[in-house]
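Next come the structures, one after another.
In what follows, chain A forms one complex with chain B and a second complex with chain C.
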Partner chain A sequence: MNTALSRLNTIFAFTLSVMAGLTFLCFLSTFFNEHKADVAINTGKVIVKNVPDYSAGREKNDLGFVVFDLQTDILFLDCPWLLTTFLPQGIFNWNVKQLFLYLFAEYETEDHKLNQVVIWDKIIKRGENSVLDYKKANTKYYFWDFGNGLRSNKNVTLSLSWNVIPNAGTLPKIQGVGQHKIEFPSEYSPNRFQ
Partner chain B sequence: MDIKAYLPEAIKKIPTHMDFVGQKKAEKMFQMIIISFAVVGFIWGYICQQFSQTMYILITGFVISCLLTLPPWSMFRKNPLSWQKARPEAEEIGSTTTSASAQKSKKKK
Partner chain C sequence: MGMMDFDFLDDVRRMNKRQLYYQVLNFGMIVSSALMIWKGLMVVTGSESPIVVVLSGSMEPAFYRGDLLFLTNYREEPIRVGEIVVFKIEGREIPIVHRVLKVHEKENGTVKFLTKGDNNSVDDRGLYAPGQLWLEKKEVVGRARGFVPYVGIVTILMNDYPKFKYAILACLGLFVLIHRE
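Now for the complex of A and B:
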């Protein structure tokens, strides 16, 4: 503390300690949030084809085509009085940097007990619109089955999950409340139709 | 070698030290400033749910406390140490140097 440099050092170290403390408090203030949200998923046309996946080999695998509707409003502000008094609608709490949402199908086949295929995803950054409303959206990724398990599979569940990327703390993985069951037809669609 | 010898008198007169009481005062001051900015920043950041606001407010506190306590302002120099009067110099210097040189020569032996 006797020279300007040593004072600068002390002040800087002290500020960093306080900063770490604030970050920890921020983490504590959101630690008990559930980050839950309701999701409404619906599907339109559902077909299945039997085509070779040349990226994997020459044998024919099942390829599903799904057109889906998706509505959700993911708000992570578990503090209603703040929302009604100060804040605009549709913002994240202060410990959320961005969300990574992914829509995945889960089903069982004869060969494999648990199959999970991510067919669509989206990143929502802080400040962007977190109210999703998709109508007749196409999947982003191919819905390949690992074999021939999709045709006449009557129990394929679509659900939306998300990772919360925080400023500080844990990286929770949350499954949205609300699923949708799709039933694949028992006939393959001819290849010339999309 | 020392750069001080070449500086003009006006610059040499600028005080660069804080006394002990001033140092204690400065330390308390920046701690108070930074902590109060941190508290305000936490509350404000929570209200608008933007952690970046908290960080900006804390950094503002850092800058302000740097401005207030880094330079040795006159408020930190109000309790100078009262040194003893210097003794008459000529003989003292002579005696000390001789004793020091005597010690050195003893060590060499």
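Now for the complex of A and C:
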């Protein structure tokens, strides 16, 4: 059975299995990475308004306004676990396609034990600048509460997390080290445009 | 062409009854083990569809059409912001793969959450059932845990060109039935 077709078939099957094997090794090599990093978050003035949320039922909900500073460098993305000693530190490792970073607020209200609201996010692709340094940045999404739980809420925590998207492998979700607590005022700001 | 057809039949003709039964049983074995693996994965992962193929570009550049996702759906695992969930909306046949943007969880564990595709500029309220503002746990098919690129492209091709699908299935079936070890 030495026809061209059978040879092609063999080559194809062999290529496929080699690729599958290599992909699996690539996944294994970074499986134990921690992807940890320090983050510095700070906020300027924080205000809260009570306005109708037309995207969700027209009821008056609390809407927070936050201006934030954010610093981190993604130099943490260590090399594959086995090769840490051979390759330079501080690069996206070979099994990272992109990072999805998101800044979220976490707080407790009377009717909900846990609230998490993403207020900003960013995609960093492989090869892009991975140093973040924002000053007085505005949120990307509105900080709506589910009800009226933001006013005089003194324990709202801002944290930065990232979801690592590999070339092939697991999709770890890592919380940055370093959070920031914000306290909302006990008075609503007047309902005008800012 | 005619020669080849003749070869096929010749192969079958040379089999005796036992061999023929054996071939048919072999075919049955393949089908049933595939089914067993799928159902077994369902039990292990807790998800009604443990492997899904990404069908849209709404999560680019993380996931492209044809990428493969492995899901789990353990009940005790809480839904948190930033996670990639696969959910099925009432009245829509195809499940959606998007990221969680907001979570509101009550003391008793009931949770309401909102999703958004990385590549979309607005959240998913427009995709939900009319009047629906939040997703709940019962709509979740699974959470993305593992990722392999490109592998699902065959599925996409088969979906886009149904004739291709039948051709492949027919070829595979014939091959297994006719081929002699």
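One rule holds for everything that comes next: the second predicted complex is superposed on the first by the 176 of 194 C-alpha atoms of A that agree within 3 Å, B and C clash if a C-alpha of one lies under 4 Å from a C-alpha of the other, contacts with A are read in each partner's own complex, and residues count from 1 in each chain.
Please note the rule applied: a contact is a pair of C-beta atoms (placed from the backbone, for glycine too) under 8 Å apart; a residue touches a chain by one contact, two chains touch by 3 or more.
This one's a predicted model, so the numbers in the text were calculated from it and none came from an experiment.
After superposition onto chain A, partners chain B and chain C are found to sit side by side with no clash.
In the superposition on chain A, A:F104 contacts chain C only, with no contact to chain B.
Residue contacts after overlaying the shared chain place A:V18 against chain B, while chain C stays out of touching range.
When both complexes are overlaid on chain A, the residue A:N163 reaches chain C alone and has no touch with chain B. Once chain A of one complex is fitted onto chain A of the other, the partner contacts of A:A37 are absent, as it touches neither chain B nor chain C. Applying the stated contact rule after C-alpha superposition, one finds that A:V48 touches neither chain B nor chain C.
By the document's definition of touching, neither partner reaches A:L132: not chain B, not chain C.
Look at A:N95: by the touch rule set out above, it reaches chain B but stays clear of chain C. Here the apex is the CA centre of chain A, and the angle it makes with the centres of chain B and chain C after alignment on chain A is 40°, in steps of 10. Using the contact criterion defined above for the overlaid structures, shared-chain residue A:R7 touches chain B, although it does not reach chain C.
Applying the stated contact rule after C-alpha superposition, one finds that A:L70 touches neither chain B nor chain C.
Closest approach of chain B to chain C, taken over C-alpha atoms in the A-based superposition, is 10 Å.
Common to the chain B and chain C interfaces on chain A are residues 23, 167.
Those residues of chain C whose C-beta lies close enough to touch chain A in the complex are 61-63, 80-84, 99, 101-107, 112, 118, 123, 125, 133, 144-149. For chain A in complex with chain C, the touching residues are 23, 55-57, 97-98, 100, 102, 104, 111-118, 123, 125, 141, 144, 146, 161, 163, 165-171, 173.
The touching residues of chain B, when paired with chain A in their complex, are 16-18, 23, 26-27, 30-31, 34-35, 38, 41-42, 45-51, 54-55, 58-59, 61-62, 65-66, 69-72. Here chain A touches chain B in the complex through residues 1-4, 7-8, 10-12, 14-15, 18-19, 21-23, 25-26, 29, 77, 82, 86-87, 91-95, 167, going by the rule given at the top.
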